[in-house]
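Going in written order, the chains are labelled A, B, C, D, E and F, and every chain counts its residues from 1.
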Amino acid sequence: MDTSAIMGALWIIISGILVFFMQAGFTLVEVGFTRSKNAGNIIMKNLMDLIVGSIGFWAIGYTVMYGESIGGFIGTPSLFYSEGADMYNLFFQTVFAATAATIVSGAVAGRTKFTTYIIFSFIVTVVIYPISGHWQWQGDGWLTKLGFIDFAGSAIVHSVGGWAALIGAMLVGPRIGKYKDGISQAIPGHNIVFGALGVLILWLGWFGFNGGSQLAFGSEEDVIAVGNILINTNLAAAAGAAAALFYTWLRYGQPDISMTLNGALAGLVTITAGCANVSAGSAAIMGVIGGVLVVIAITFIDEKLKIDDPVGAVSVHGVCGTLGTILVGVFATEGGLINGGGASLLGVQVIGALAYAGWALATAFIVFSILKATVGLRVSEKEEIEGLDKAEHGIGVYND
Amino acid sequence: MDTSAIMGALWIIISGILVFFMQAGFTLVEVGFTRSKNAGNIIMKNLMDLIVGSIGFWAIGYTVMYGESIGGFIGTPSLFYSEGADMYNLFFQTVFAATAATIVSGAVAGRTKFTTYIIFSFIVTVVIYPISGHWQWQGDGWLTKLGFIDFAGSAIVHSVGGWAALIGAMLVGPRIGKYKDGISQAIPGHNIVFGALGVLILWLGWFGFNGGSQLAFGSEEDVIAVGNILINTNLAAAAGAAAALFYTWLRYGQPDISMTLNGALAGLVTITAGCANVSAGSAAIMGVIGGVLVVIAITFIDEKLKIDDPVGAVSVHGVCGTLGTILVGVFATEGGLINGGGASLLGVQVIGALAYAGWALATAFIVFSILKATVGLRVSEKEEIEGLDKAEHGIGVYND
Amino acid sequence: MDTSAIMGALWIIISGILVFFMQAGFTLVEVGFTRSKNAGNIIMKNLMDLIVGSIGFWAIGYTVMYGESIGGFIGTPSLFYSEGADMYNLFFQTVFAATAATIVSGAVAGRTKFTTYIIFSFIVTVVIYPISGHWQWQGDGWLTKLGFIDFAGSAIVHSVGGWAALIGAMLVGPRIGKYKDGISQAIPGHNIVFGALGVLILWLGWFGFNGGSQLAFGSEEDVIAVGNILINTNLAAAAGAAAALFYTWLRYGQPDISMTLNGALAGLVTITAGCANVSAGSAAIMGVIGGVLVVIAITFIDEKLKIDDPVGAVSVHGVCGTLGTILVGVFATEGGLINGGGASLLGVQVIGALAYAGWALATAFIVFSILKATVGLRVSEKEEIEGLDKAEHGIGVYND
Amino acid sequence: MKKIEAIIRKSKFSEVKEALHEVGVNFFSYWDVTGLGNEKVGKVYRGVSFSTNDIQRRHLSIIVNDDFEQITLDTLLKTASTGEVGDGKIFVSDILETYRIRTGEKGGETLK
Amino acid sequence: MKKIEAIIRKSKFSEVKEALHEVGVNFFSYWDVTGLGNEKVGKVYRGVSFSTNDIQRRHLSIIVNDDFEQITLDTLLKTASTGEVGDGKIFVSDILETYRIRTGEKGGETLK
Amino acid sequence: MKKIEAIIRKSKFSEVKEALHEVGVNFFSYWDVTGLGNEKVGKVYRGVSFSTNDIQRRHLSIIVNDDFEQITLDTLLKTASTGEVGDGKIFVSDILETYRIRTGEKGGETLK
């Protein structure tokens, strides 16, 4: 291992630590955007994602993803990965896997059975997500071969999590009181300060998420690449937040706090696929598109589809993940439509985006349907009204 | 780019990420030290600083600061910076710029119009702060030539932000109920736990702020320098907190929590200018001076000047920023008064400190005056009493 | 200093910054697990630990620990350490020292005099902890010579802090109302969201705590070592949380949130001694043992010993610290019992674990006894009932 | 005029509110109280199981004209009840006078 | 003795408090309640606009001797009003007896 | 039936609760209020010292049958007092009727 490789390992480790911290961000956003009576349950679900992700990905998930390719579709699984010299990569990949699993929890918050959730989280970590990753990041995946670009995982991590969340939220059904006579009711989050802190932590972690995906830091090219990635990431987040802020101001007469926070996340998800392949200007524009679209999508899913997603996970991760993946075909410096690259990359990006959406929707549908028929998805009405904390964990999180 | 340079870039990037996190720290301190009815508005203002800082500094601010010097006073501006190999520096400088802008928001919390604030924040980011930076950090600035030392920005970042905050707080006027018959009333912060977490996050970020300002990590000198900087930073913070704790204990009979938290920040601001130029012992003493002075300054501004600064931003950043800048002339290992260096460095430091204070006071006064005469500075009395969250953003941040 | 050494310094600095952040984690856990009326006091105690740790360890503690060995028992003290080229190590060691001091504060929360606490914290930082460290980490300590393994401080940092906490909690006595007719009463923590955020921050910081203890990052061996350490750390934390979750589920019929959070910390403490010496599988098993034991220990100390430890500090740090130290003798890849290494390492580990427990118990007993006889340990009944915030700091942390 | 104080389960509140609305009782104030009564709830915190009868309840204070008393009571009794111990209580007392702050007017009209 | 319960706008509280103080009504207790009345407030949360008449109010409970009733009412009516819907209500009822816990004494003297 | 409202120090609550329990008064509701009275407390926040008589208190609302009135009052007066200014007040008023929501029954029986 030469100095370059060691420096690369250092960067990957630091990035992994930053990505790990995103767990705290997700937890805070989900806790803050929902009601106080379920806060403890959300904490437990997020912890569970981290537990299952950490153990499951090491136990088998990592090789499902990075094992020798079986037909470009799945890696050859083996148990309890133990390649010493590769452990820092396992670490980095583990925290990614935990992220994918965590996305679902926000969308099904406030009414889902804890046991059911644990099982689903496990399946995401060891089957759904690693296979997604294999298609592109393992190197011999079928999408890699098509020339598909998803640098840090708009499609692989976020859209997969987001579309699985859609199925979850749909099959679990809306929270009691969310729709009255078919009209969506506001159920305000109980602590938007937690939500804001969560978003800032996620934004922070994203520098590791996108920057670390360079997977190297040993040459001038790496420095240039990572520098660009960080600027693109930051610009897209800022532009996404700004877009959501001004768009809600225009549309509702007031800048909406929680939507603005979602806008920042939307910008981050949107830029993730192409953060290493677009210019700073494009990143800002992509952020704006994501920030506006997320507001439209949240309202559409809430009011038209009548699917209850308390934190906007489907819109942020699913919609913007798919959006960002496709936009690479438009904005990529090399091969992007507006940079004279023609439509071929765009075509590939659309194929990839659809493949991931389809994969996530289909597998999540199967799993949630089986769970529905067996263990059941929802807590009882009484437990839901009383709050999951008291019902499932014995006591609330806020006391005197 | 050789290994040293790459390692330097890595350190700058990591430091930048740490400095970014200070945004969360500022938000929490400001939220925690003010009333709950305005928490959402504070979140939005801090987000706006980050948005405006990220976009504005890339769009133009960076070149205003680092562009080719026009008379040592301002850089040659150019739009949409895109020097690939320098993007990591842009990132580091962007998060600094966002810090400068954010300082003001705490001082004017609870009564300022959101639109007005956005405009001011933008002007700080693209005009006031970059010009400040140019004088010293660009290399050809007039203060650089004088031999002025402001290693990480006590004057350039903090005092500029702090003195602008003074003008803001003065022109906006005190919150309703802050002064009764000319006597200052306590308006306790609504969540000092958030305040404390914010301070610890700021303290954390400051290791990047000061440490990263070494702008290199490729040689033994760098290791020594950064090691010293971190120790100095940490000692000054600890000493500042200790000083404020014991001083308030003596003065008021009880160790004051929020003042102690301000004391830590005071120590950090005080050491920022000289963190690479003084010994550990001097750093501790400087922290003590800062920690005591901040308490005196807060009380003076509050009770004598009757300017309402809910979080103590003027005292922490303005007063201690100026203090720290001047104290470099006293404590610098090379050239400092007490180390036998005579008064010449001290003279230069005083000139620089005054220049930045004057610059910030003057420009902020002009901008806030224009804003007052045009868009207006304050929300209506009704909105203020009801709270900015409901009035400007439709809903409070705390719900059930 | 060659490139390897510089990279090592970079890693140590980054790790130190991560460990610093653990202060925020401890503060949040302690605040969240106790009642709101004492939150400010806990913040102040934790700040005080950081202050005293930062100043005291530089002023003298570091040399007590790392100074030339006097009989393998204590370093030769000297005042105000100022070896420029070693400052980054001082930084790393300082944040460790602050951690040790902080452990006690949670166990004695809600009834201890602030002055008394400050004095004790100081003695931990400059005497008790540095001598602990000297025995093993200085290189010439008597335990080093025995071949004792405590890579990152299960015994040296955590068990010393935890057993001192036991004495503190015992001598200070339970909070009013904690035992009624000899039966333990629940006094629920006031904000478990803070607790959960605190645990995630601690988990994050632990990557620096354990990873940084490699004290190098310049070769392939270092990359392998640190990679393994991070995976072990993460697996043990996840396994500890999982074990506590399922064990409380079985035992009490409901997964207990705060116990699960303690379980994660238990896993982390347990793996700290052997994180560089065991396989991933062993780390997971050790985490499980720690996670179950911590629940048993908390209940035992609470209900049988009737010692009131609001946050479980004794169980997490004392019990699991000792456990983890001993388990190295069982699971170490080289020398561990189950890996065919015989019982000799195990014997050494037991000796070391007992030595640290004895040292902490004895010194803490002496110091707390003297303090009890002089300044006194407890606040008055009236102050305790009213809450320490109002009584000792003039105002509560939560307002409107 | 009467003051009707009802202490009900929090989980029943939205149902009660709607039912009151339907019978024309639109004006009232409410806040959360802790109630001690017959109901006991078992909880576990950090391994300590305890049973408490300090239970969160919602307290409604409804001032009505005498002709509305009965319908208010009936509605409350019907919609707030689950049949399990802990459904709560209703207390009726006399109100001598009421004022509408906005207009200064007094008497039964202010309750309409 | 009378109990005067006033449900007022939170934003009017400090004004009311001072005015009461000036007329010698220094003793009372208050807490926050949610009020349902004529006033409706429009809000937007995540794109869902909704209008609610669950509005935060402050509830004052003032026990006074009969000779203080009128001045208390007058002060409340004057200072708590803005003239807009939602200013709140005042309810007066009878108090049979009062006790000062500290001394155990009872009767009107305890209110002075 | 009587309503006994007691406004006491928060720090005295658990003692009072137990004492009431011992004399057979097991049912009541309570919540926190801010009280203005004779007591003043000095505080310091960020160097501004201020003295406030807005003090947190606990408000107990106990509805009892007439034969329980005296013992409840006695118990409260005895256990809630410290002898220092600020111990609080007790107010007694009439309750016309009470209902148990669970069963719909009314009258004094519901308080047992």
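As a convention for this text, contacts are C-beta pairs under 8 Å (C-beta built on N, C-alpha and C of every residue); 3 or more make two chains touch, one makes a residue touch a chain.
These figures come from a predicted structure and were not determined experimentally.
Participant: Treat touching chains as neighbours: how many steps, at the fewest, connect chain C to chain D?
Facilitator: The fewest steps needed to get from chain C to chain D is 1.
Participant: Any chance you could check whether A-E or A-C wins on number of contacting C-beta pairs?
Facilitator: Higher contact count goes to A-C.
Participant: With residue numbering as the guide, point to the option in A-E, C-F or B-E that repeats C-D in over half of the contact pairs.
Facilitator: More than half of its contact pairs match C-D, so it is A-E.
Participant: Distance between chain A and chain F based on Cα centroids, please, to the nearest Å.
Facilitator: Chain A and chain F have C-alpha centres separated by 52 Å.
Participant: Roughly how many whole angstrom separate the Cα centroids of chain A and chain D?
Facilitator: Inter-chain centre distance comes to 44 Å.
Participant: Let me have the rounded angstrom distance from the C-alpha centre of chain B over to the C-alpha centre of chain F, please.
Facilitator: Here the centre of chain F sits 50 Å away from the centre of chain B.
Participant: Can you pull out the residues of chain A that are in contact with at least two other chains?
Facilitator: Answer for chain A, listing residues that touch two or more other chains: 3, 7, 10, 14, 188, 191, 252, 254, 256, 394-395.
Participant: By the touch rule stated above, which residues of chain E touch at least two different other chains?
Facilitator: In chain E, residues 31, 43-45, 93-94 touch at least two other chains, as defined above.
Participant: Which chains are in touch, pair by pair?
Facilitator: A-B, A-C, A-D, A-E, B-C, B-E, B-F, C-D, C-F, D-E, D-F, E-F
Participant: Which of the residues in chain F come into contact with chain E in the complex?
Facilitator: Within the complex, chain F touches chain E at residues 2, 6-8, 31-38, 57, 59, 73, 76-77, 80-94.
Participant: Going by the contact rule set out above, which residues of chain A touch chain E in the complex?
Facilitator: 184-186, 188, 248, 251-254, 256, 258-259, 295, 298-299, 302-303, 312
Participant: For chain E, which residues are in contact with chain B within the complex?
Facilitator: Residue list for chain E touching chain B: 11, 14, 43-45.
Participant: Under the touch definition given earlier, write down the residues of chain A that touch chain B in their complex.
Facilitator: Within the complex, chain A contacts chain B at residues 3-4, 7, 10-11, 14, 18, 35-37, 188-193, 196-197, 200-201, 203-204, 207-208, 211, 217-220, 222-224, 226-228, 230-231, 234-235, 237-239, 241-242, 245, 252, 254-257, 260-261, 264, 279-281, 284.
Participant: For a test of understanding, state which residues of chain F touch chain B in their complex under the given definition.
Facilitator: 43-50
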